[in-house]
Amino acid sequence: MSKKTYAIAIRDVIAQEMRRDENVFIMGEDIEILGGIFGCTRDLYKEFGTERVRNTPISEAGFIGAGLGAACAGMRPIVELMYMDFTLVAMDQIINQVAKTRYIFGGRAKIPLVIRGQQGIGRGNAATHSQSMETIFMHFPGLKVACPSTPQDAAGLLRTAIRDDNPVMFFEHKALYADKGEVNDDPEFMLPFGKADIKREGTDVTIVANLLYVKRALEAAKELESIGISAEVIDPMTLVPFDKETVVNSVKKTGRLVVVHEAHRNAGWGAEVAAMVTEEAFRYLDAPPLRLGALACPLPFALNLENAATPQVADIVQAARQVCYR
Amino acid sequence: MISKERASRIYLTMHRIRGFEEQVVSLFESNKLRGSVHLCIGQEAIAATVCSNLTEKDYITSTHRGHGHCIAKGARLDYAMAELMGKATGYCKGRGGSMHIADFETGNLGANAIVGGGIPIAVGAALASKMQKRKEVAVSFFGDGASNEGIFHEALNLASLWKVPVIFVCENNGYGISVPAWQSTSVEDISVRAVSYNMPGVTVDGNDVEAIDEAFRAALERARAGEGPTLIECKTYRWLGHWTGDPQPYRTREEIESWKEKCPIKRYGEKLLEQGFTAEELEQLSQQAKKEVEEAVDFALNSPLPDEGKILEDVFYEEA
Amino acid sequence: MSKKTYAIAIRDVIAQEMRRDENVFIMGEDIEILGGIFGCTRDLYKEFGTERVRNTPISEAGFIGAGLGAACAGMRPIVELMYMDFTLVAMDQIINQVAKTRYIFGGRAKIPLVIRGQQGIGRGNAATHSQSMETIFMHFPGLKVACPSTPQDAAGLLRTAIRDDNPVMFFEHKALYADKGEVNDDPEFMLPFGKADIKREGTDVTIVANLLYVKRALEAAKELESIGISAEVIDPMTLVPFDKETVVNSVKKTGRLVVVHEAHRNAGWGAEVAAMVTEEAFRYLDAPPLRLGALACPLPFALNLENAATPQVADIVQAARQVCYR
Amino acid sequence: MISKERASRIYLTMHRIRGFEEQVVSLFESNKLRGSVHLCIGQEAIAATVCSNLTEKDYITSTHRGHGHCIAKGARLDYAMAELMGKATGYCKGRGGSMHIADFETGNLGANAIVGGGIPIAVGAALASKMQKRKEVAVSFFGDGASNEGIFHEALNLASLWKVPVIFVCENNGYGISVPAWQSTSVEDISVRAVSYNMPGVTVDGNDVEAIDEAFRAALERARAGEGPTLIECKTYRWLGHWTGDPQPYRTREEIESWKEKCPIKRYGEKLLEQGFTAEELEQLSQQAKKEVEEAVDFALNSPLPDEGKILEDVFYEEA
């Protein structure tokens, strides 16, 4: 174990995996000498050279397509997107090509491709650079979807992603990069996909959250504790596959569910969780599941508006109280 | 120069493709086959000639008009026909159909129903070959219409920068569905667009096996020598409608007939006779193709439907 | 009123609106002499010329962006996408540009832009040409989303869309084009956005469906009637704005909800409806809301697989029976 | 030829831009301003010269590095500065910030934080102008890096086919963030890409007002005469990091200094002196700019934050 930031945890896993398997390489914008805007590839080109730490032009659709081709032809590419918002310029390559190639061609291809990058609020990047994209990739089948909320999770999930023979959308959060935590340095340390992590046990209400909102949910849980509400905080870790069992079992215990994410609330992945839990644990529910997410407006630039547009700790506390009728 | 062996292979391949496509038309018309089916009759020379220079380890990416590429690259006619009929024995277990047929074992990374969608994939396959220090090349086939998609631009720029062994083969048949090239493509020769990527671009008669071959072999040599990509534009024509039943209000019967005069198979057959092939040899090859196609149709017709119980298999690869 | 197909209903409204307002024009692939793959612009170029019925190259991102620019500069463009699946190659222009321009620039722009086209199963077009895309556009704010299920609805909603000063994603369904029905020919006939249509009244279970699935839900309702279950079938007509009130009131009456759509079930818009209704009408629910949608695999080509991948009438009947415990 | 009136306008505009950008740096460093801010110091000549030829009714689309375009097109400095600070009085009510600033009233259809995103929008505005038989043109500004996005390709092809009055102005500053042009762009002169669209392409010194003006006026004449689009590449350099705090490991101090020698403002000032402007006249213009910028900063600092209660307004236009 060693203490490091979320960004460095990511970088270290990339380095370890590149050492372990020469077919692993990374490409993206500004990842070479600049080491990526957030430092996730800092200095890697020094060890691995600029063939394996490959700067790309600003052609996201092109280099994601190239990643797919390289994966089909025996490499294990990691593609860094500077902002996950830029999946939008490459959406056909991701949804129609990367996600479907294995299935529609009869299961003959393996596609060990990781598409990773950061998203979210926290740096005043405004509407086109602060979005949460993961819901789309949960909706269209063929991609695994990982969302680490801590340095340790980032390390464990990323290694699993790189070694997976399936395409993985790997969502990091810009406001988490500087977070520090203990990280398992074992070059075989992996966290399984499809296994939710109970970040905090509790008995009165289940709070499901991902990425930045795990932290906020934990803060809310602390506040709730002070008023006598015991919150269980669950981080699904991956949205595809989704660990329904852990969430449903928790709600069977608590009888109450709040889902909170930064993705827009409307038709966000929280709706899926709420609907799924309602289906599976209807008789156990003491209150209707509540969902919190970004408002139905593009994310505004001004900080006070950005805060108003996204769930705050107080909103989570409020929602938990509401489902607990307290 | 095309060796005798390769010449007869090209000729056979063209007949296979032609025969296959003709059968598809009649199967479609008799409701044995459904879906979006795009036929390449009239364009056979390009796939047949290009792929005669490749091994099964080289890669191609193909298009919605992909039967010819698939066959030329070495696919079995029976599995291909079964795929078009949505049968369990098809290359894709009946999941892909005509627009999404692939045969990874012969290096065909797939038809691509998204216009232009396959171009960067070929660049990536070529990148893998280069990074693994293999000698394989990748070929991307696409139409004239595809050259107006942004992905064309991105892929060619990448290929040039990375100097990967990929050859871009544009099959310019003058139309994208009903839209004539002049209405969609701001240049007359798509090969001039190579200038934008600092790579060689050449336009050839796409119904002339030898012209295609010469241009392609030069590109192949460049690619194998590590000198990077080439753009080859082959001017050709599709004889049939864009889809079965296309009323074709956008072109005249005379135009179509004039191109039938330029049939690439007939033309190459005449060339081969001049070069010493006998009429019997050629007839034998065309008969062989005919027989293979018929067997493929039988195989496909007699194949079972896919098992609905396995519908969720293969979405993801799972360790056995 | 006159009897016409869904395709002709659409064409006629486009023609009427182009006659009425010379700023209305349409562009897309093969819409001129071919009249569109599905005939929705047949012969329009003869009346309006090829400037206003404008063939485009295969450059969806480019011509959607051009549509946005033209809308900002005073025109009222209709952009036809041959398949709504192709929104994927133009996703940035739609989600980051079209949807956000008005809001992020301070509300100073009006964007009277309609992006229309067909989607769905029914013609063996397989995975990349049979998808249901509407959920994405419900999730990201800034676009109105219309989904007509009959010729009359197509006409009324399309006119509203064209006259709206906001961008509208207008989803048609390929398997509905040949459907015939009575259509109001009045050149002022409009159907309001945000007003759900109760296609059939019932008392035991509420079935919410869109596009092709309205028909299927109505068929299911007939079968249900034969076993004594009275189903209310609601077509939301527009997903944005969404008429929550009508749906919630219906469920308050029936106590039961089934949502069925062709979009993938997982994280599909049905989850939003189920979660929303659970929130608003929890105490009225006699059973957990059920959702039906396409399975979590790319849509396969073979007809038997396509059927297996998508909800059938029998599945709707089965779901309705389940929530009715019958 | 640049008239005296226009010359002093260009000079004033360049000073406004420079002064504005310098204030932004210091506000950022003193935490009065946050977010993604991209400064155009060193590149002022392009926006100033181009826009000196436009009226408020002509359209532009801009980029993430858009303050210069916005100001040159006629935006008020105070509203612009307020927008950068996320204030209610800003052009976008504080919702856009630096990367998403627009002023529809002066024809600025917006900065665009998506590289290349604004290019087709300009084509559409030009199309509207043409269809409505107006004489307005549209100008799309974008960087060298943007020329590798697919959308660049699609937009230029469309513009050429439709012969719309749009002028593509590529500000080639040699880098896309840290990536040098040679690593991302397969041609040295981006203007050669015009060949792919059958339109004129020209490269000029982007720090030379007169060179830019000459090329732009030729393009404008073409556009207004209905002859279609032109691609103009202006070679220039950004003096500062891509973002405030950019360590700039990708270039040398010498390189930066050598470009500072080529300061477009200083250069044009010298030119103007030669042409008969007095030092006092120039000083007065630069003082005027300075004063305006200071007032803008005051205005912005003293403006209120946006009202959170109105956060959902303007997502859609609603009839009053």
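When the chains are written out, they are named A, B, C and D in that same order, and each has its own residue count from 1.
The rule we apply is simple: a contact is a pair of C-beta atoms (placed from the backbone, for glycine too) under 8 Å apart; a residue touches a chain by one contact, two chains touch by 3 or more.
On a predicted model such as this, the values are computed, not experimentally measured, just so you know.
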item: Intersection of the contact lists for chain B and chain D; value: A, C
item: Chain A and chain D: spacing of chain centres that average the CA atoms, whole Å; value: 36
item: Rounded Å distance, chain C centre to chain D centre (Cα mean); value: 39
item: Averaged-CA centre spacing for the pair chain C and chain A, given as whole angstrom; value: 30
item: Residues within chain A bordering two or more other chains; value: 56-57, 59, 61-62, 86, 88-89, 92, 96, 100, 103-104, 126-128, 141-142, 295-298, 300-301
item: Multi-chain contact sites of chain D, meaning residues that touch two or more partners; value: 92, 95-96, 100, 114, 148-151, 154, 157, 161, 183-185, 315
item: Topology of the chain contact graph, where touching chains are joined (line, ring, star, complete, other); value: complete
item: Of chain C, residues touching chain D in the complex; value: 23, 25, 51-52, 56-57, 59, 61-75, 77, 92-93, 96-97, 100-111, 141-142, 144, 165-166
item: Touching residues on chain B, where the partner in the complex is chain C; value: 34-36, 86-87, 92, 94-97, 99-100, 113-117, 145-146, 148-151, 176-179, 183-185, 249-250, 305-306, 308, 311-312, 315
item: Complex interface listing, chain B residues touching chain A; value: 59, 61, 90-93, 95-96, 100-102, 104-105, 109-110, 112, 114, 117, 119-129, 131-132, 138, 150-151, 154-155, 157-158, 161-162, 313-317
item: Touching residues on chain D, where the partner in the complex is chain B; value: 148-154, 156-157, 160-161, 183-187, 192-193, 195-199
item: Of chain C, residues touching chain A in the complex; value: 61, 85-86, 88-89, 91-92, 95-96, 99-100, 103-104, 126-128, 131, 135-136, 138-142, 263-264, 266-272, 274-276, 278-280, 282, 285, 287-291, 295-298, 300-301
